[in-house]
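Shared between the two complexes below is chain A, which has chain B as its partner in the first and chain C in the second.
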Partner chain A sequence: MLHGKKAGRTGYLKEKYRDMIFYILLIAFPVVQFSFFWIGVNFNSILMTFQKIEIDVTAGQYVTRWTLETISNAFQNMFGDPAMLQIMWTSVLSWFLILIIGTPLGLIFSFYIYKEFPLSKAFRVILFLPSILSAIVMATIYNFFVERAIPAAASEWFGIQGVSGLFTNTQTRYGTLIFFNIWVGFGTSVLMYSNGMSTISQEIVDAAHIDGANGLREFWYISLPLVWQTFSTFVIVGVAGIFTNQINLYALYGGSAPLNMQTYGYYLYMRTVAAAGNSAEYPPIAALGFIMTLIAVPLTLLVRRLLEKFGPKED
Partner chain B sequence: MKSSGTRSAAPREKFTVFSAILLGLLILYVISLFIPLFWAFVTSFKDQNTDFRINVIGFPKEWIIDNFRTIFMEFSYSVDSVAGTRQVGVGMLYLNSLAYALGCSFCATIVPCITAYLCARFPYKFSKVICMTVIIVMVIPIVGSQPSEVQMARMLGLYDTIWGLWIMKANFLGMYFLVFFGIFKVLPKGYSEAAKVDGAGNFTVLFRIVLPLVRNTFFTVMLINFITFWNDYQTPLIFMPSFPTISMGMWQMASTNIQNFATVPMRMAGAIIMLIPILAIFLAFHKRLLGNLTLGGLKG
Partner chain C sequence: MKNILSKTCAIMLGLMMSVSVCLLAGGCSPESTSEEIDPNRTQLYVFNYAGGFGSDWLQAVKERYEEYSKDVVYEEGKTGVQIFVTNQKSTGEDVAGTVLTNHYEVYFTEYAYYQTLRAQGVLGDITEAVTGDLSVYDGGDAEGATIEGKLTDEQRAYYGVQDAQGQVHYYGIPHYSGYTGLIYNVDLFNERNFYFRDEPTGDTIYDRFVRSSSDKKSAGPDGKHGTYDDGLPATYEEFFILLQYISRNNVTPMVWTGANYKDYLNNFVQALVADYEGLDQMMLNFTMDGSEATDLGTINGDGLFVPDGEGTAITEENGYEIMRQAGKYYAIDFLEELVTTDSYHHDLAINRGFTHLDAQNDFLYGGKDNYTKPIAILLDGIWWESEANQTFLAMEATDSANSKYNRNFAFMPLPKAPTSENDKITLFDHIYSMCFMKANIAEYKRPLAIDFIKFVNTQESLVEFTQITDTPKALNYTMKDTQKQSMSPFGRSLINMRERAEVVYPIATNSTYVNHQAQFSNEYMYYSATGAGTYGWIAEALIDASPNVTAADYFAGLYEYRKDNWLSW
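Moving on, here comes the complex of A and B:
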């Protein structure tokens, strides 16, 4: 009996040991990968903020020295250079416009799909289409359409001569760019919102109908509060977009977007591409990114807190 | 994880003025979406000199396929390196895209899948640490770490290789970890336990029982990842400049000054060539892509 118990315990320990070996073998790669490409990369990025890298021509290698000059220059650049202040304004404005125009449209489109009104299934597929098509393809088509087809149509169909391309015209180019970003940006959010709405209990909807809530009132008082969690997630994740969203500028303009249309996301990417692997160019970019992260983290947490505090409650 | 299963239960509602306005807006949107795509398609069959110059918005006087033929036969992506300039043809661009998108999408799916399995089925303290890490990383926005990533890739010898990007994309972070974690948490343990009683080891249970059970979700996540990587031109542009993809080719064509390709019909033909594979995938799998996706995750 005692022998049997001992054998059982040994078997149990052997199995636990085998489980542990299996666990370690499979978790090792993801952990090592994470250590290098998240912890290592971000740690190195912080270190670069306090470095200056120069090329030693005689030795033919990079020389790194520690300095506060890089972060200090980045700070002055970000808050003192008129060009960077313009980029800050465009980044915030673009985020705000896409949020206040694109999000309500996405929500009401989702409501239409959720209610299974006519053609809702087709709309669901079509609204998702731009998000799976390549940004570079959509941008190229849109670019030439507004530059060539719209002026030609104005002239041939409406007899209006001298209409310039919407991106060429400095008065219309920013609006055209924001329209493009909203136009191609419904896909995932509409899918998420409509799927979220479809989980709303039918009893709640029926009760609202009995109380006379239909159409807009149902959307406002029932559907919107119940997808608030999904909406909040999009807004919270989107806050970082102020610093990372390129609003498709690289696809439309390559490295030569007009200054008053540039965003932080575009500026950082463009500088990384322009560096072309030259390490000496990296510390100033890392320092700018570091300052932006210092702003983005508390801002994200603040927006999260505000949405939790002032958002509608499900009950 | 949320399910979209209650959708079909919702009965048809009364069509109000609000609904009619929404229908109008949606129709306008669809028209605005299809007109440029249709214009691009029609333009790709025009000749620049004899047709497009005088006929920008009409149908082609003569439908020609020369633009497509020229792109396939003559277009090439210029790769500049220390050794000089090398030209990469369309066939190779497609192959590079396929290698990049297939490899990255597989790695970016299998790693979160297996990590989520380990965390869901082996309740060690370290599993909790992994779950917390995923949540924290999702909430903290990090900006401007790309230069550091390039340095790391160079240091590890992964820079400018396709397989290097496979490794760089093989992380467990992000939404798909939570998707798989949710599935593994509720997956009945009966099959695995029965197999273990029959003498199966952990590897057999994972690869012959568990992974086949989640193959639908796995395939959907991989499909979404594949589309994302196929369309991505910015990551290869920075991390593997010597192995241009078809997206990079399109990006170069959109801004090229080479006379043959710097015309609108030629660029539209390039866009159509780039669109076709993804459109085919979307048409074949749109029910799977649209049906399985929710914010909480994907249903199996």
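Moving on, here comes the complex of A and C:
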């Protein structure tokens, strides 16, 4: 009996040991990646926020000193320079538009595909296409389509002359950009939502229909609550990325996006490119990023709390 | 069955992870080259930015150098040298992080910022190469000739770094040139007589142009008859009259890329400013050495430029004052007329779907196929012929008269505003091209790298580079007429102009410039706080802004923006 107890305990420990090895192997890669690509990168950025780096031309090396001047200048730039305020406004507006237009459409398309309504497979391909092709290929095709094909079609097919490209025309430029972002954003969201919806038990759906629920009610009371966690994740990730999202400006415009369409994600990227590896130019950029983190973190936590509190419950 | 499936999945997952880890570690990155390593010779690994200037020039110099050094021993047990070239499109910034760890030993690249790379500790000392006698190679250099002697004063001050003992050290040297300007179709100009007459015969626009090649042309920008630029527009006013005349002749006056019109036109404005201001005044934008800026001014209530009564010394403290240079105002004013008058340029000149290759295609095919209107002038960089090589070859395949050696294009001297006091041609080089050796090169290979860098910059090699690329290196040298014969007409016109011109290299050693080099680029330098918002691209503001932004508004905003942001970058 005692022996059996001992054997049982050893077996349990062995199993725990094996589980631990499995767990370590599973988690090692993401932990290493997180350590390098998040902690490593951002730790240095945070340090740079409080540094001024200068090149000593004679010695041919960088000289670093600690200062609050960098973050103070960044703060003044961010909230005192009208151009920076414009960039902040565009960042928030773009996120908001993509959220309020893209998310409901994503949910509706997902529901449509999940219910296997007519042409749902064709929709699935069209919506996934941007995710299959590279962003640069998509941007090039889209650029050519809105700039060259639409004016040509207007002229050839409808006899309307003088139609300018949708990016050339200042009135249609921003809308054309947002449309592109919504379209290329469908792939991931539709995949996630429709997969989430496909896990819903058919018995629940049938029961709802027997109780008189139509398609809209099914969507509202059954499908939406069951994909709410996925929806919340998208919204939270979106909020966290308000200040890092380039809204595909680089793919579409290269280095010359109009200033009134630039987001902070694009602006910071382009400033880093323009710095051309010169560490002396990095602290002001790091300081801007740091301030944005200070804004984005509480905002993200707040949105998460609100979504948890006011979102529908599965029960 | 389930087991087999799980195992298969596990193996596939494992393979995918291995491949991704392997790729992340950079261990599996292939290097495209067809050349085998010769174990009997010493290799020198050379990195080349193979963009618009290509790599043919390097292949040519490699072959000559390998022949020259076939009996030289750099390494025990090996005789001769193999120059192993890798061509990639990575700028100085791109390669900086890996210079010390990869195997390339000598680099030829562009957008390489000297002081930044030096501070990163990746540049090796090449003083011996820069100050060594080039005549030893028998490559057409006089005895005692050095690379240092081929540098301009500004380049010597920038690349030559004094140590604490007062010794000058070089860690890099300029490589090729990059100017933006106007390329005109000489054949078309000749055929349609797009040249100003010496004396107008009446008051109409037609009376200002020659009717046949026997009519006497105007003196052109250099003010002298019987020279290469006779009949070309000398002033901004004449330039626009020419564009009107061209347009009335059912020819598209100008074309440039619509996809990148903003940066191309900013580069063009900078070229106009340099040509207006001249070398010394233009260099003040970067050196801020306390010298006096002589033509600063402001915009008066009527929107006109009013010069200051006296000069202003430009230092690092008040460097923003240089934004009030007259040349900047006149260049922006020029651009305003150019971009806001539809008849002066191609329909797609601001269309994002119209790339630089499309612009070059239309320029070359214009008047040659059945549907493209002839185009008189292309606004582009001097490397355009290399980029358009495929088009040249395709056209040549149907008619040899269309080869780049038979088509007659030329680099146009820029017109000047009448108030300019610069009587020379001043070019602006914005490409920051550089040659350097890695800092941690193996000691036994150092003499080889030094020798190769010297060899690449002998007179013979410089001439060869120019003949192959049809563009000049960023060094001072001249070519004999016989040496120019093998070049394309465009290349000849360019090198001729280069020999007559002074060149602005936007480089300086002061702390403000070195630590904020991006702010002195052709984009950030032209940020302007206008009534319609802040703009970095001049043409964009002039075309798009609402309410309308004029050249005067933009010019005034340049100063405002620069002053408000000076040193707070």
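Criterion: the second predicted complex is superposed on the first by the 271 of 315 C-alpha atoms of A that agree within 3 Å, B and C clash if a C-alpha of one lies under 4 Å from a C-alpha of the other, contacts with A are read in each partner's own complex, and residues count from 1 in each chain.
Going forward, a contact is a pair of C-beta atoms (placed from the backbone, for glycine too) under 8 Å apart; a residue touches a chain by one contact, two chains touch by 3 or more.
None of these values were measured; they are calculated from a predicted model.
K.L.:
When the two structures are superposed on chain A, do chain B and chain C clash or fit side by side?
P.N.:
Partners clash after overlay.
K.L.:
Who does A:L259 touch here: chain B (first), chain C (second), both, or neither?
P.N.:
Touch status of A:L259: second partner only.
K.L.:
Quick one: classify A:P82 as touching chain B (first), chain C (second), both or neither.
P.N.:
second
K.L.:
Touch test for A:T199: chain B only (first), chain C only (second), both, or neither?
P.N.:
First partner only, chain B.
K.L.:
Chain B or chain C: which reaches more residues on chain A?
P.N.:
So, of the two partners, B touches more residues of chain A.
K.L.:
Applying the document's definition of touch, where does A:Y23 land relative to chain B and chain C: first, second, both, or neither?
P.N.:
After superposing on A, A:Y23 lies in contact with chain B but is clear of chain C.
K.L.:
Which of the two partners, first being chain B and second being chain C, lies in contact with A:G311: first, second, both, or neither?
P.N.:
neither
K.L.:
Is A:P225 touching anything from chain B or chain C once the two structures are fitted on A? First, second, both or neither.
P.N.:
So A:P225 meets neither chain B nor chain C here.
K.L.:
Of the two partner chains, chain B (first) and chain C (second), which one does A:T58 touch, if any: first, second, both, or neither?
P.N.:
second
K.L.:
Contact-wise, after the overlay, does A:A280 reach chain B, chain C, both or neither (first, second, both, neither)?
P.N.:
It touches chain C, and chain B stays clear.
K.L.:
Running through the overlay: 98-106, 188-196 or 224-232 are the candidate stretches of chain B; which one clashes with chain C?
P.N.:
Only 98-106 shows clashing C-alpha atoms.
K.L.:
Identify the overlap between the chain B-contacting and the chain C-contacting residues of chain A.
P.N.:
Of chain A, residues 29, 143-144, 148, 254, 273, 275, 277, 279, 281 contact chain B in one complex and chain C in the other.
K.L.:
Which residues of chain A touch chain B in their complex?
P.N.:
18-19, 22-23, 26-27, 29-30, 33-34, 36-38, 40-42, 44-45, 48, 105, 108-109, 111-112, 114-119, 123-130, 132-137, 139-145, 148-149, 152-153, 156, 183, 186, 188, 191-192, 195-196, 198-199, 202, 205, 214-216, 219, 230, 233, 236-237, 239-240, 243-244, 250-251, 254, 264, 268-269, 272-273, 275, 277, 279, 281-283, 285-286, 288-290, 292-293, 296-297, 300-301, 304
K.L.:
Would you pull the chain B residues touching chain A in the complex into a rising list?
P.N.:
2-4, 6-7, 9-19, 22-23, 25-26, 29-30, 32-33, 35-37, 39-40, 43, 56-57, 111, 114-115, 118, 122, 124, 126, 130, 133, 137-152, 154, 156, 159, 167-168, 170-173, 201-203, 227, 230-231, 233-234, 237-238, 247, 250-251, 254-255, 264, 267-268, 270-271, 274-275, 278-279, 282, 286, 289-290, 293-295
K.L.:
Mind pulling up the chain A residues that touch chain C in the complex?
P.N.:
29, 53-58, 60-62, 73, 76-77, 81-83, 86, 143-144, 146-148, 164-165, 167-168, 170, 252-256, 258-260, 271, 273-281, 284
K.L.:
Under the touch definition given earlier, write down the residues of chain C that touch chain A in their complex.
P.N.:
17, 91-93, 96-97, 111, 113, 115-121, 161-164, 171, 258-260, 262-263, 348, 350-354, 509, 511, 514-518, 521, 523-524, 527, 529, 533-537, 540, 544, 546, 564-565, 568-569
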